[in-house]
Amino acid sequence: MPDSPIAPRLQASFDRQTMMATFGATLVSASGGRAVISAPLLPGVRQQHGAGHAALAFGIGDTAAGYAALSLMPEGREVMTAEIKINLLSPALGERFEAVGEVVKPGRRLSVVRAEVVAITGTLRKTIAILQGTMVPVDPAP
Amino acid sequence: MPDSPIAPRLQASFDRQTMMATFGATLVSASGGRAVISAPLLPGVRQQHGAGHAALAFGIGDTAAGYAALSLMPEGREVMTAEIKINLLSPALGERFEAVGEVVKPGRRLSVVRAEVVAITGTLRKTIAILQGTMVPVDPAP
Amino acid sequence: MPDSPIAPRLQASFDRQTMMATFGATLVSASGGRAVISAPLLPGVRQQHGAGHAALAFGIGDTAAGYAALSLMPEGREVMTAEIKINLLSPALGERFEAVGEVVKPGRRLSVVRAEVVAITGTLRKTIAILQGTMVPVDPAP
Amino acid sequence: MPDSPIAPRLQASFDRQTMMATFGATLVSASGGRAVISAPLLPGVRQQHGAGHAALAFGIGDTAAGYAALSLMPEGREVMTAEIKINLLSPALGERFEAVGEVVKPGRRLSVVRAEVVAITGTLRKTIAILQGTMVPVDPAP
């Protein structure tokens, strides 16, 4: 089943995030309270042993959770991370990483979110991090 | 008062973290259970509104906390983040950011750490994020 | 399908937790990395508006996650919470609460866990809290 | 220096929390973004080894953080915990426990808080837990 098309406002927002370009990350899908981001293990995103830095798993996990939350909000809203927690389960080693964000409870003032980051090597999938946090809707900058 | 010199093993470990180079980050100090990292707001580390991405504050905060923990460990040990939580207080806007990590409770099996990330503009300092987490000592890869 | 029988060592450990008796909590099941605890909304566990205090949802969620972890460990081991985070989704109102803990990643040194706390009123089930944290195996006190 | 008097609205709110009575907890001070709660190690609040249950440290830490936040809000507001994370540093053993909550960043929509829980035995003070979280102002129930 193909991923549903990404709303242009979500894609445009994602494309303005230069950190995502630095990570080589792409928005795979974002609709109905769920978003998926894919990123390779680029040479410039490593920790001291050559695995992906915690900031990579955090960055794509947090961003996937953010677009999951934004996908449930009306046009013209934006969303910011208020707080998020990550547990790192295994070193970030693989051909690429996939972060799946989902809204656990949407809200007018707060949205509670979760994300899971998976390392993919061939057909192997291994969960390397889980996140749980809070997104807040904000008015876009004028 | 000048910062105390950074032990070569800590500097060498930091220098192997390509994510820190991508962020333009430098290790300012690391000794006695406290470490400081400084990073500018590079064009490639932004979120959709031009502020620093949450992964920047997270990345330097987490890494400062890690070197704070490592500074208390004997030569030949390494440290990994088991988990960490970040609360984002304000948008990451400023000339540069400083992350201060400290060990709250060192341990043989777990070290509890905290970090604070400050945005600096001229003489102005504003806390933009606080982190609390757990580092685990690991044997270095052979 | 009936719950699988609870191993006597897990039940005995639970029965020594006087906080669980104070909460009126019972261990419903605990095996294979999953545990369920049930508790009523007693008069003595409330916050200022009469809903269950955050410490109630936390207490049964944390404990369910702990027995989920312990159910995967060999006889004679114990488990302690290293850290845990709770997001509260809705006020703790209902006839009773059910906390379901599960192990996301078991480990010799750390087990990553999650829990969900549900309020039950008649046939209605509403998730009121989610938790994510870390359990550490410990040697039992002599 | 004596503690400043506790505003009657804060004391009245605390007194409605039956969980605090169950814990034998008292509100020692609450003003200017800081609150202190004291609690003994009652027989009914233990985990399986006789130390205080994690829900005790969590409960008084969370509540101290909540009254710290509430102390900065205008009359007629209430505050709820949106999320909070606890790291447990040492077993909760001592004659009594003191939780000190403080506001790191007050806000109209979110207040970021921290708390520290200390075990006290004679003149000995030992930090047993640290917490970091988010409080949200709410309109009081009608």
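In order of appearance the chains are A, B, C and D, and numbering begins at 1 in each one.
Going forward, contacts are C-beta pairs under 8 Å (C-beta built on N, C-alpha and C of every residue); 3 or more make two chains touch, one makes a residue touch a chain.
Not measured: the values here are computed from a predicted model.
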Same-residue or different-residue interface between subunit A and subunit D, half as cut-off:
same
Which chain has its C-alpha centre farthest away from the C-alpha centre of subunit A?
D
Counting only Cα atoms for the centres, state how far subunit A is from subunit B in Å.
22
What is the distance in Å between the mean C-alpha positions of subunit B and subunit C?
34
Residue numbers in subunit C touching two or more further chains are 82-83, 85, 87, 112, 133-134
Touch list for subunit A against partner subunit D, complex
82-83, 85, 109-110, 112, 133-134, 136
Interface residues, subunit D side, partner subunit B - complex:
85, 87, 89-90, 104-105, 112, 114, 127, 130, 132-134
In the complex formed with subunit D, which residues of subunit C make contact?
13-14, 16-19, 21-22, 43-49, 53-56, 58-59, 62-63, 78, 80-88, 91, 140-141
